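Heads up, the thing below is written out as structure tokens.
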Amino acid sequence: MNAPAELAKVIASQPDATLGYKDFSLGSFSFHRDEYFVHIGWKTRDGRPMSHTMDAGSYLRALMRDVAWGFFYGWVNFDDVFGTVNHYESVDLYAGSFNGTMKDAGIDLLENFPTAQIRATFEAMLDDWTNESFDPFAAPQETGSPYGRKNGNNTAKITRARELAKRCVGLKGDLDLRSDERGAPVNRAFADVPQGQPELHPEPGFENEVHAFNLFGFLSRSQVTWNPSFTSVVKHSYMCPTTEEHILPIIHGNDRVEWFFQMTDEIHWDCGDKNTGRPMARVIMKAGDMAAMPAYCRHQGFSPKRSMLLVWENGSPSLVYEIQKGESPEIPVQF
Amino acid sequence: MNAPAELAKVIASQPDATLGYKDFSLGSFSFHRDEYFVHIGWKTRDGRPMSHTMDAGSYLRALMRDVAWGFFYGWVNFDDVFGTVNHYESVDLYAGSFNGTMKDAGIDLLENFPTAQIRATFEAMLDDWTNESFDPFAAPQETGSPYGRKNGNNTAKITRARELAKRCVGLKGDLDLRSDERGAPVNRAFADVPQGQPELHPEPGFENEVHAFNLFGFLSRSQVTWNPSFTSVVKHSYMCPTTEEHILPIIHGNDRVEWFFQMTDEIHWDCGDKNTGRPMARVIMKAGDMAAMPAYCRHQGFSPKRSMLLVWENGSPSLVYEIQKGESPEIPVQF
Amino acid sequence: MPATTSATPAAYKTRFGSLKHFEKGHVEPIDDDVRHYAFSNCFEIASISKPYEKVVFGQNQIYVLETLRAEGASPWYTCAHDEFALVMDGDVEVHLVQLDASQTVADKDKNGAVLVKGEPKGRKMGWMKLSRGHQGLLPKNTAYQFRNAGEPGVIVLQSCKGELSVEKWADICQSH
Amino acid sequence: MPATTSATPAAYKTRFGSLKHFEKGHVEPIDDDVRHYAFSNCFEIASISKPYEKVVFGQNQIYVLETLRAEGASPWYTCAHDEFALVMDGDVEVHLVQLDASQTVADKDKNGAVLVKGEPKGRKMGWMKLSRGHQGLLPKNTAYQFRNAGEPGVIVLQSCKGELSVEKWADICQSH
């Protein structure tokens, strides 16, 4: 096992003389970006070169989530070919391993990396390949083009910290409410969301316990899309609401059942088999709808208007072991 | 059989009060666009509703080709789910019929329409859903966003005629050369392509037979991407060169073998099974490379820089019948 | 550098659901059992629920999300852990009492709310009024009561499954 | 309204291939036989060809695309149908003669070029000089000759398969 400093060493080339971007490599994988694309290269087990091409915008939006979420729960598929699986202390990087045909053909590659190593590489890649005019967290109508040659950086926007309440948003010492002053104006698509806070009538001494906040108002001020925050916590039950617009940049395959509560507007989900990618269901969710994503599926959402989605996650640390032992059910409920 | 006028009747709603776009229907299919997406709806054979969501930009770029090419040869897959099959006097419209899993699950729908009917509907849809700032023929770096609410039209750009030489570009009475004056300036990505015409030394009376032209110069002035022209014709052998940048907006499944000659720069192709979509090969083509697309595959290209591709098609009218009778080989050559 | 094409900012209408007006989506199965998606709608559930019936509509191991129809005054509840109430429709008051140790849940690890036996004893902590989109903390070991005076409302409760939780999945979920 | 982010137009370099410098791509099979893609490269073919060997590198029923190494003067050819010559490298002169009926191809439906027997008889039509990217018409029933004086060049010929066409697919195509 290498020392942490060694693990976090990023292997990158000098910037390309014309394009301005660096090439990266991680284990047996190579990464190259040009004006429009990201090219991923690897070798099959019998030594033949394989490659995969992704649109640079799609790739950077996916990479942004993978980095910001710390590789999240389970599978972060950038598309039908490429992605990561989180093992919480290490991360699998793969090409083709969760594509039914590529896996069957044996031309896939999966390599495991210490989390520090893949994180450092992904962070450096994200910073080098994101131009100043492009914000991968923003909705397409809110940002510029991801294409073209290297043109500055957007480091502040790609290093936003995830907002995680410990007990509840707005409690003393916990995550603050969002406001204009804190750099969180109301999003154009939520201009009609009432901003008033709940009436609180605490008796003296109970000011931090008689507590409520305007969750919809809080979400209307989200500056990012497809990036859950924690707003309230019951033991290891996390309310992770988020605002969604356009396409979820990843196809998520959770290692556990995950629940979606659609609080406003609508999202359409494509659900497929986690291991092969073949389509299994569409889930059309409107305001007030609840649906579970079974643990055997991967899912990608489409939100026509910025909407409020409550992602409800079970973050129990023992769950990882139950999943490994096959004791965690893949379906949400039997009836 | 209905009369032609009846066939060309387009079924469209009034414009949506907020979005400004019309809904369309064709047979059992419904079509709706919003700020980001096109939503396609149909019913399964047992009467259940099914739907499919596509990014509006991807949809309009694909629709543009399907309309401009008169439904082309064989399959024009808009993506892994939706598309058309040309039968030359009629056209199949389908959802899921060439997706292995959806077809096996029996939830797909395929309906056949007279060409005049589907063409009129597609043309009206393309015109209504394309805003003035978006040119679906242009490369992403050359045009504005396809997203948002209805904002004008771009009729001139979406009704460009396909440029088809009868014998050879530049011959008297045949397709003209391109020039600044004719509205065809040199593309930024081909500024280094020599514009000189070949030296011609005809004897008197042979001016229209001692003929040559600068094909690369002609292509450097293409105003569109992924839209082949005819430049020279030998019997039913058509040279269909085209300039490519970013992603081929459709996944083409030809009904016959098709050849690609990469004249400059490079294109990477994803090739999959025509009937199911499962991946079969990647083809990396650089300047001077030739490759055939077997008739059993569907293919989609990725061109990092605007490049010149010669698509070489066999347009023999008898080929359609040979294909129907299974007499046309699916592979280009035996060796 | 926004790529927006509109000259003027467009006015958006956020769609909320309510007991009186909700549109329910659905699962479109391709090759799967729709019951595995446990698809329901909180407004539909509340429209067929008894007042303050704690209908589980999301569960993950010990954890639940429940839909409650807020109509009139609820019983007084207490719970050994924090809970949170998100109001999805109507106006709901939440009254809180710092419960005497004698009335709190004896088992500190007990999951889910229980009914307070008799009237809650202890100092009044105060109350709050929640409207649509407001989320309130129900601190552990307090007594709380929901009160709704006007049109019935809908609460989504973040909690653990307890003795008052009602499961009727077949009644609330899309099954084919 | 271009979405370009650069302030100044970027200079692009178009990559052409040549006999002296070409980079060849390849097929990456996933689940298919690479031979079904008949993958070759005109510069590589020309680099191993005899002068004016008509190497078929694309075929579709009766139609072909051939790669010719242009080096010195070719024989005189004639053909019952139009052909087209696209120069991919080097400078190539094409000399044309309006062939006397006695020397043209007797079978009007015959596919592909044939050698003119003896010196071509008929009026000189003129000549043209083609450089990289130039495409010239080789009108049916004329005699034509390619002449290359400098470094060898490469021609891609659009024609039909004929008696002079050379097929050596296994030598030019990626086979595994």
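First chain written, first letter: the chains are A, B, C and D, and each begins at residue 1.
Rule of thumb we're sticking to: a contact is a pair of C-beta atoms (placed from the backbone, for glycine too) under 8 Å apart; a residue touches a chain by one contact, two chains touch by 3 or more.
Everything quoted here is computed from the prediction, not taken from an experiment.
Participant: Going chain by chain, each one touching the next, work out the least steps from chain B to chain C.
Facilitator: 1
Participant: With contacts counted as defined, which of the two, A-D or A-C, has more C-beta pairs across the interface?
Facilitator: Answer by contact count: A-C.
Participant: How many angstrom between the C-alpha centroids of chain D and chain A?
Facilitator: The answer is 52 Å.
Participant: How many Å are there between the centre of chain B and the centre of chain D, using C-alpha atoms for each centre?
Facilitator: About 27 Å, centre to centre.
Participant: Roughly how far is chain A from chain B, centre to centre by C-alpha average, rounded to an integer in Å?
Facilitator: 34
Participant: Identify all positions of chain B at which a residue touches two or more other chains, and write them in rising order.
Facilitator: 50-51, 101-102, 133, 140-141, 144-145, 147-148, 278-280, 282, 284, 305
Participant: Give the residues of chain C touching no fewer than two other chains, as numbers and ranges.
Facilitator: As it turns out, chain C has residues touching two or more other chains at 1, 3-5, 10, 13, 26, 28-31.
Participant: Inside the complex, what are the residues of chain C that reach chain A?
Facilitator: Chain C reaches chain A through residues 1-4, 9-17, 22-32, 34-44, 57-63, 65, 81-84, 86, 88, 94, 96, 98, 123-137, 139, 142, 156, 158-160, 167, 169-170, 173, 175.
Participant: What residues of chain A sit close enough to touch chain D in their complex?
Facilitator: Where chain A meets chain D, its residues are 18, 48-51, 101-102, 104-105, 107, 131, 133-134, 144-145, 147-149, 151.
Participant: So in the complex, which bits of chain B are touching chain D?
Facilitator: Contacts found on chain B: 133, 140-145, 167-168, 171, 188-194, 196-203, 206, 209-217, 231-237, 239, 256-257, 259, 261-266, 271, 278-294, 297, 305-306, 312-314, 316, 319, 331-333, 335.
Participant: Quick check: in the complex, which residue numbers of chain D touch chain A?
Facilitator: 3-6, 10, 13, 26, 28-31
Participant: Help me check something: in the complex, which residues belonging to chain A touch chain B?
Facilitator: Going through chain A, the ones touching chain B are 34-37, 39, 50-53, 55, 99-102, 140-141, 145, 147-148, 245-247, 268, 270, 278-280, 282, 284, 302-305.
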